[in-house]
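What follows is a short report on a single structure.
By written order: A, B and C. Residues from 1 in each chain.
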Amino acid sequence: MKHTLFGALIAAALAVPAYAENYTIIAPAAPGGGWDQTARTMQEALQAEGISDTVQVQNVPGAGGTVGLAQFVAGAQGKPDQLIVGGYVMVGAILTNASPVSLADVTPIARLTGEYEAIVVPAASDIQDINGLIEALKADPGAVSWAGGSAGGADHIAVGLIAKAAGVDPTRINYIAYSGGGEALAAILGSQVTAGISSLGEFKAQADAGALRILAVSSDERIEGVDAPTLKEAGLDVALQNWRMVAAAPGITDEQKAAISADIDRMVQSKTWQDALATKGWANTYLAGADFQAQLDKDIAATGAILKDIGLVK
Amino acid sequence: MSGSTPQGSGATRRPDGATLVAALILAGIAVVIWRDAARLPQAGGYAGVGPADVPRWIALGLAGLSLWSLVEAFRSGKAEREAQDTGPILWIVGGLAAQLALLSTAGFSIATGLLFAATAAAFGKRNLALTVPVGITFALVVYLLFAGLLKLSLPAGPLEGLVWDLFRGAKP
Amino acid sequence: MNTFDFLLQGLAVAMDPMILIYALIGVTLGTAVGVLPGIGPALTVALLLPVTYGLDPAGSLIMFAGIYYGGMYGGSTTSILLNTPGESASIVTALEGNKMARMGRGGPALATAAIGSFIAGLAATILLAFVAPTVVKLALVFGPRDYFALMVLAFVTVSSAFGESARKGLISLFVGLALALVGIDQLTGQARLSFGVPQLLDGIEVTTLAVAMFAVGEALFVAARRDTADDEVIAVKGSVWMTANDWARSWKPWLRGTIIGFPIGAMPAGGADIATFLSYAAEKRMSKHPEEFGHGAIEGVAGPEAANNASAAGTLVPLLTLGLPTTATAAIMLAGFQQFGLQPGPLLFATNPQLVWGLIASLLIANFMLLVLNLPLIGLWVRLLTIPRPWLYAGILVFATLGTIGANPSPVELSMLLIFGVMGYAMRLYGYPIAPVVVGLILGPMAEQQLRRALSISQGDLWTLVGSPVSATLLALSAIALIVPLILRARGKGKVLSQLASDED
């Protein structure tokens, strides 16, 4: 019985029609992480919708995605069936790791999903709102410790931008980097640090339960279901989205680029993709074509400037 | 912290070569770490302990252990050790190197099959006409299980491509 | 009372025959993938998660639990029989377990691991059900300085538990600490010792190092011995089953392992590997037969195996009560919850009790099923050792490299496997213990980061390190652990101790 089941599983896994537009998606991260999940969700949607018959996901983890990016730039040159998943973290990682390749070396197709940052304090904290936090920061930047993700990542960049907007020297922020959202959240809940910053999704459940107070979010508009102002409302000119994108190989023709863009567009509109976004709690921030390119250029320039200000990039 | 290694008993008073080499290697690592640390910016921030400090402490520790080994090498004298065959080592190291070199071009099964055969040869099965095909078949079965069923991304070569095509051809 | 009702309800759901079949498939798949070195429970679940997509929540959850526990179990089997730890939490198991297997006592080693895992899993799952809210409050009290103190304690107890010579043990430990420096410094983003090689920026993977030093190093060492007759592995000597004496020597380590593992797993920056190190050190200290350590002491298998399972259940405490994924495995489990649009967190127990209790019941059943499945299979597993050596070692190396290639198919990673394999061989040859290298690689970065975080929060004030009751207590314990053996040694007991201590291979 187990043998037949096993056989059936193998047959099912191998049963794919012979002729197909076959994409290979590079996930520049280890299996299980955000980029890997994005790549595998794309795989599922592209196959289920019949946009592509066989989609392979290949993991090339390392150094904020820059190892995968370097391999992609070198190996996929001019190949229209090669895709890579990436995101905002890559923008910073390329700069801090002094990566020899950058996003200018690939053909960005579209932004797919995104998350906004939230600034929180433990419920027991004396700080009641974002202005209170900014005042404390102005009074003594060292006394305000921020827990967030890895150095040079979206969280760190956001703190740098906030300090700068508030007129505080960004090199003087006391940022405590943690490896994952979980560990940082524990430090915040345990009142080990003054404030915390991470993707809104990491804090939402705790905030709803009353263990954390969300002081502000990094979106342009208020977010439904979150009782907190945007940073802009608080008078800080900071907006930041931690997005994930898909890019194609360097050196492809405009026709090939258009074909890939059309495939991705069909995927994003599909029910499979929309359902997957809903179950995973990812916000659809689809943006393609020239608009995406413009946004990307803006993000790269702003990130480069703030990383210099924080002192992470020379 | 007693002064003698167990192997050292009853040996002549010449310094122990292996311990001397260990002392040298440790000193080498310490120097590499120290020089790497010197290149790092002293960005201790509020902690006062920066990215270069812990490497320095470890380099100092290694340097201390290097000195200790140096003293030990002369104090305990030459040690007796089991005789070692270099042949099997070369077979296994060669097999791993072959797998490394061939993996991306020849694919998982062929590269790993060669490692299999080389390891078997290291343990005395030198009949490559038997072990190479067995190894490649074994690796191919492993490949199909893990790449096919579990979607583990393993490098595919001509052999894997052929088998995929066979499976596809069998389907309407 | 409520808790108990919910648990019974969960069990009733999980006893459905169809659900049991899912559980069976889950534990079988999990064990199969778990035996691969380098592919631990986290990766196993990540890879098999899509298999569960099509099932209903109850079926999916139980399969998931089965894969998770099966993956944990598979790792210890290869550790014991083949000296090839599948993941960092079963490295310690290989130390004593493989010695036992070589003396024909693989059966009892596997049995004590299985029963210890079962008992620890059972006890910890029940603890999870009843005391999770309290435990999590305690875990949150742990700040960076307290973790730093815990790491100091781990260093002190663990480094004295390995090896025959203080010099050789320290050298191994420092080599591990040096290797741990490679990669991006997490707190400042500076690249250290990576020499411009991008693949080194993420540092050296613990499983790559462990697989290389244990599996590859071992293969080289065994192959190079000219006189192999004296090293003949005996598959079975005496009973395959545990003797009365084995039972008597195992039950206390099982309980101690559970007590060490559960709270450490519940700590946001703890981890199963640290729990196994501490458990091993504790067993060696408390054993009536310390002379057997390094030569196949059953306590050294029973304790750490119980500790790693208890720790796995412990990680569910912050996950279920706070929505905190504290390990890779917990992060994957979170993804499993999100399949159903659920966000684990403080409200989950209130809003979705059936699901939480369903999961807890599933874990209990998966745990039980693994015991029932694996105990009869032990006889079969130990036959693995009767495979002629050329085929056995060829197979081991295929799976060792498969794990590395599957997790990260990069030439740099494979080169590391080769280089560390040769290093493992050389260290075995000259009598340097292997385990401290891995210990240094795991504990080094944690100690450094927690120290720097603590000092950053205190803005450079060193007194902060003894500023909390927890950190002060842990550092005091470390000091005692460091000084007492020195006094004993000064009284002349040292010679006995160092003779009793072991040779690594």
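Note that in this section contacts are C-beta pairs under 8 Å (C-beta built on N, C-alpha and C of every residue); 3 or more make two chains touch, one makes a residue touch a chain.
Predicted, not measured: the structure shown is a model, and the values here were computed from it.
Here the chain at the heart of the structure, going by C-alpha means, is C.
This structure's chain pair with the greatest number of C-beta contacts is B-C. Among the remaining chains, B is positioned farthest from chain A, on the basis of C-alpha centroids. Mean C-alpha position of chain B lies 22 Å from that of chain C. Measuring from the averaged C-alpha position of chain A to that of chain B gives a distance of 35 Å.
Centre-to-centre, using mean CA coordinates, chain A is 31 Å away from chain C. Touching of two or more other chains is recorded for residues 43, 45-46, 151, 153 of chain B.
Those residues of chain A in touch with two or more other chains are numbered 58-59, 142, 174. Those residues of chain C in touch with two or more other chains are numbered 47, 50, 185, 187-188, 409, 453, 456-457, 459. Interface residues of chain A facing chain C in the complex, by the touch rule stated above, are 2, 5, 30-32, 36-37, 40, 44, 58-63, 66-67, 70, 96-97, 99, 142-143, 145, 150-152, 174, 176-177, 179-183, 185-187, 189-190, 192-193, 204-206, 208-209, 211, 278-281, 312.
Residues of chain A touching chain B in their complex: 9-10, 13-18, 56-59, 142, 174, 311.
Put simply, chain C touches chain B in their complex at residues 33, 47-48, 50, 164-168, 170-171, 174-175, 177-178, 181, 185, 187-188, 190, 192-193, 216, 219-220, 222-227, 389-391, 393-395, 397-399, 401-402, 405-406, 409, 411, 414-415, 417-418, 421-422, 425, 429-432, 444, 448, 451-453, 455-457, 459-460, 489, 494-495, 498.
Per the touch definition, chain C reaches chain A in the complex via residues 25, 28, 42-43, 46-47, 50, 139-144, 184-189, 191, 198-199, 201-202, 268-269, 318, 322-326, 328, 330-332, 335, 338-341, 343-348, 407-410, 453, 456-457, 459. Those residues of chain B whose C-beta lies close enough to touch chain A in the complex are 43, 45-46, 144-145, 148-149, 151, 153, 164-165, 167-169, 171.
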